[in-house]
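Both of the next two complexes hold chain A, though its partner changes from chain B to chain C.
Presenting the complex of A and B:
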C-alpha cells in the first residue's frame, strides 16, 4: 500500500517542479537585462526608454508596466470595497446575513473569470463606450479579485481576540476609534497578506482582459486610463499563437519566466508576512 | 451576482428566443450559416473535466497522504510552500508548456495527425488542479485530531487499516470540497485549454474518441469573442455559452457548500 501510494504520488510531486525548472531553462537564452528594460534603453532617447514595442519581441518593459498598472488599478478599486464588506460583516451583519455573505463570496469566487470578462465587455465597452482600455481591464480584474480579497479581510478581522473588542467597548471607545486604534493594528498584516495574494491573482488572470483591455503591440505607455495597454499575460498568449521561429519562442518563454517571477514575488512575500504574523 | 446573471441573460436572450432551449443538444456550430448548437462544446468541456479529474484525484490524494503521513515533518512545510507557489502559476504559462512540450510529445508517441486534442487539454488541466487538490486534502488530513490516530494505533490497526478506516473517512469532507473546487477550476479554465484543445467544433466521433481536436465552452468564447460583432446573433450565442458556464459553476460551488454544512 505504501509503495503503491508513493508511486502514485511521485508524478504529482515531481511533475510541477519539473515544469518550473523547464521554463527557467528554456527562458535562459533570451533572458537578460536588455530584454526587461527594453532593447533601446542604451541609446538614451527618451521616447524609446520604455521598450521598443513596435519591434515586437524586443523589450518587455511596456508589457511589464502594463500588467503592473492594471494590477494596481484593480487593487485600488477592490481594496476599499473589500475593507467595507469586511467591516460590515464584523460590525453590523446578523449571523444569518453573515452566513449569506460568506456563501455569496464563495459562489462568486467559483464563477469562471472569463464570465466576468464577458459581462465587462457588454457593460463597460459596448454600453458605456469605454473602448478597449486600461480602465475596463482594471475594473474587471477588481471584480475578479474582490471575493478573494474580502474573504481574506473577513478572516483577518475574525482572528482578533474577542476580549480586545470587548475591552475596547468597555472603555467607551467609539466605533471609529475602535477600528483605527484596536482592530487595525492587529489585523493589518492579515489584510496585507490578502492584498498580496490578490495582486498575484490579478497578475495571473489572462482570459478576462484578453478582449477588454489589451492589444498586441504599438503601445509604449498608455496615454490615459481610457487607452489600451499591453500586458505580459496576453503577450505570452499572442506569441504562443503566432510563434513559429525560434526567437519568438525564446521570447515567449522569457516572458513566461518574468511573469512567473513577478507572481512568485508577490505570493512569497505574502507567505513570509504570514509567517511573521504567526511568530509575533 | 443576480446582476451578473441578468446581464448574461439579457445579452443572450436573442439567442434563446430565436432557437429555444433545444439548441443545447444541437450538434452543429457554424456561425456563418447561423447554426449555433452548443453540444460539441459541452461534450468537450465534460470530457476535459473528466480526464483532468481521473488523473488529478488519485495522484493528488496520494501525494497528500504521502506528504502528510509518510514523509518527515520537516519536509512538509517545504512541500506545502512549493505547492502553494505552484497553485499560483498563471494558466497561460501552463498553456505554453502544453503547446510546446506536451503536444509534440503526444503527437510523436501516439502517432497522431496533430497533438491538439482533448487528452492534452485534460492532462494540462490535471497538472493545474493538482496543487489545489493536494493542499486541500492535506489540510483535511491534518485537521484530524491526534487522539483518533492514537486510538487507532492502540487498537492494533496496521498502517493500511488506519488509513482506510480512520483517516480517509474523517478527512473525506475536506477532500470532497477540494475535488469540487478543482472541478470548478477545470470548468472555468480558459487560456491553457484554448492553446491546446484545437478548437474544432464537432462532436467527437465516436463520442468517446478523445484524440480528436475539439472545443470547450471557455475556449470557444476566448477564440471567437474577438470576431463576433456586438448585437449579432453570434455574439449572443457566445453570451449563452457564458451563461451555461456561470450557471454550472454556481451550482458546483453551492453543492460544495451544502455538503460542507450538512456533514
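Presenting the complex of A and C:
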C-alpha cells in the first residue's frame, strides 16, 4: 500500500523538478549576466514589435524592474487593506460575519485573474481614463493578491495563543496597544510569510496586466505611475509568439528562467520564515 | 446583600473575613454563552482584605465568573461593584477597571520580551521609559521570583520554567498595583515548591487587598484559609470560613463534593 501510494505521489514530486531543469537547459544558450542587467529599450523603436523581438537579447533589466515595480505597488496597496480585513475578522466580526468573510475570500481567490484584468480594463482604462499604466497594473494585481494576503493575515492572527490576548486585555491594554505590542510581535513572521507568497503570486500573474499595464518595448523606466511598463511575464508571452526565430525563443526561455528564479526566491523566503515561525 | 435563597452562608465567630466590610460585591450575576446558562444568580462579596477560595467541579462557572468581574465577558446580567462603584460605569472604561482588578490566568502567558519588560508590560509608555528597577524588584520579590531571576532580568521571559512564568505573570499583574487580585487556578500545573512559593506570596498580599483564587485543589483551599465559596452548575451552593466549610459543611452537595469530588445540584 505504502509503495503504491508513493508511486502515485511520485509525479507530483518529479514534475516540478523536471520542469525546472527543462527551463534551465532551454534557457542556457541565452542566459548570461549581460542579458539580466542589460536594457532592451534602446534596441528598437517603441511599438516596433518585430524589430524588438529580433533584438530581444539586449537585456531584461527594464522587464525585471517593471515586474518588481508592479509587484511592489500591488503589495503596498493590498497589504494595509488585508491587515484591516484580518483585524476586523479578529476583533469585531461576529461568528456569522467571520464565516461570510472567509467564504467571500475563497470565492474571490477562485475568480480567474483574466476576469480581474477585464474589469480593470473597463473600469480603470475606459471609464477612469488611466491609460495602460503601472497604476492600472498595480491596482489590478492588488485586487488579485488581496484574498490570498487577507487569508494569510487572518490565519497569522488566529495562530496567536488566546492566553496572550487575554493576558493583554487583563493588563488593561487598549485594543491599539494589544495589536502593536502583543499581536504584531507574535504574528509578524506569519504575516510576512503571507506577504512573500503574495509577492510571488503577483510576479507570476500575466493575464491581468497583459492589456492594462504593459507594452512590449520602448519603456526603460516608467515616467510616472500613469506610464506603461514592460514586465517579464508579458515579455515571455510576446517573445513566445515569435516561434520561428530560434534566438528569440532562447531569450524567452531565459526570461522564464529569470522569472522562475525571482518567484522561487520569494517562495523560499516564505518557506524559511514559516519554518522559523514554527520553531519559535 | 441580596443572596440567592438557596445559598448557605455562615456568619459565625471565626469567620473574620466575612465580618469585614466588603470591597467587591456581586449581586444576582447571570451569564449565558452560546445559549447555555453559565452563571445563575450568583451573589457574594469579598472582604477588603484576605483570601477567598472559589471551588467547584469543572464547568461550575468559576473561570467565567472571573471574566465577568473584569468585563472580559460583557454580556452578564446583575450588578458588580468594586469599592462601591458599579463596574459597568467604571471611570476610564474596561481598561481602567482591569488595571484596578488584576487577573492572572491558569496558563501562564509571557510576552515575547525580556523578564524585565514583561514585569513592566502593563505600565504606560511614559512609565516604561522611566527607570523601573525598584518596581521590578519589588514585584518580583512579592511574586517570590526575585532570587531566581535577579541576575538575568534581560533574558527572554520564555526561557523560564512554567512555574517561574506563572510567578512572572503574578509580578506583571502586581506592577500595576491592583486593588483586587483574581487568580484562575494559579498553581494548577506547578511543582510543589512553586506552589508553596505562590501560596506564601498570596498570604502576604492578602494582608492589603482582597484576593479571589479559583482552585480545584481542596487542600490548597484549606491552606489558603479565608472564606470558601463553593459553586456548582453556575450557582453558589455554600459560603463559609475555610475551617467551618471543610469540617462542618452544611449542604448535602458540599458534603458530596468534599467526599467524592462530584456535585449533583440539579
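Everything below uses one rule, namely that the second predicted complex is superposed on the first by the 245 of 280 C-alpha atoms of A that agree within 3 Å, B and C clash if a C-alpha of one lies under 4 Å from a C-alpha of the other, contacts with A are read in each partner's own complex, and residues count from 1 in each chain.
Here, a contact is a pair of C-beta atoms (placed from the backbone, for glycine too) under 8 Å apart; a residue touches a chain by one contact, two chains touch by 3 or more.
Computed from a predicted model, the values in this text were never measured in an experiment.
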Fit-or-clash call for chain B and chain C when the two complexes are aligned on chain A: fit
First (chain B), second (chain C), both or neither touched by A:25: neither
Which of chain B and chain C A:128 touches, first, second, both or neither: neither
Which of chain B and chain C A:72 touches, first, second, both or neither: neither
First, second, both or neither for A:169, with chain B first and chain C second: second
Chain C, chain A and chain B - angle at the middle CA centre, rounded to the nearest 10 degrees: 100
First, second, both or neither for A:100, with chain B first and chain C second: neither
Which of chain B and chain C A:186 touches, first, second, both or neither: second
Partner, of chain C and chain B, that touches more residues belonging to chain A: B
Minimum C-alpha separation between chain B and chain C after superposing on chain A, in Å: 20
Touching both chain C and chain B, counted on chain A across the two superposed complexes: none
Chain A contact footprint on chain C (complex, rising order): 70, 72, 94-99, 102-105, 107-109, 111-113, 121-122, 169, 172-173, 176
Footprint of chain A on chain B - complex, ascending: 1, 4, 7-8, 11, 58-60, 62-63, 65-67, 70, 79, 81-86, 88-97, 99-101, 127, 130-131, 134, 159-160, 163, 181, 184, 187-191, 195, 218, 221-222, 225-226, 230, 238-239, 242, 245-246, 249-250, 252-254, 256-257
Residue ranges of chain A touching chain C (in the complex, touch as defined): 161, 163-164, 166-174, 181-182, 185-186
Chain B contact footprint on chain A (complex, rising order): 1-2, 5-6, 8-9, 11-13, 15-17, 19-20, 22-23, 103-104, 106-116, 118-119, 121-123, 126, 200-201, 203-207, 210-211, 233, 236-237, 240-241, 249, 252-253, 256, 259-260, 263-264, 267-268, 271
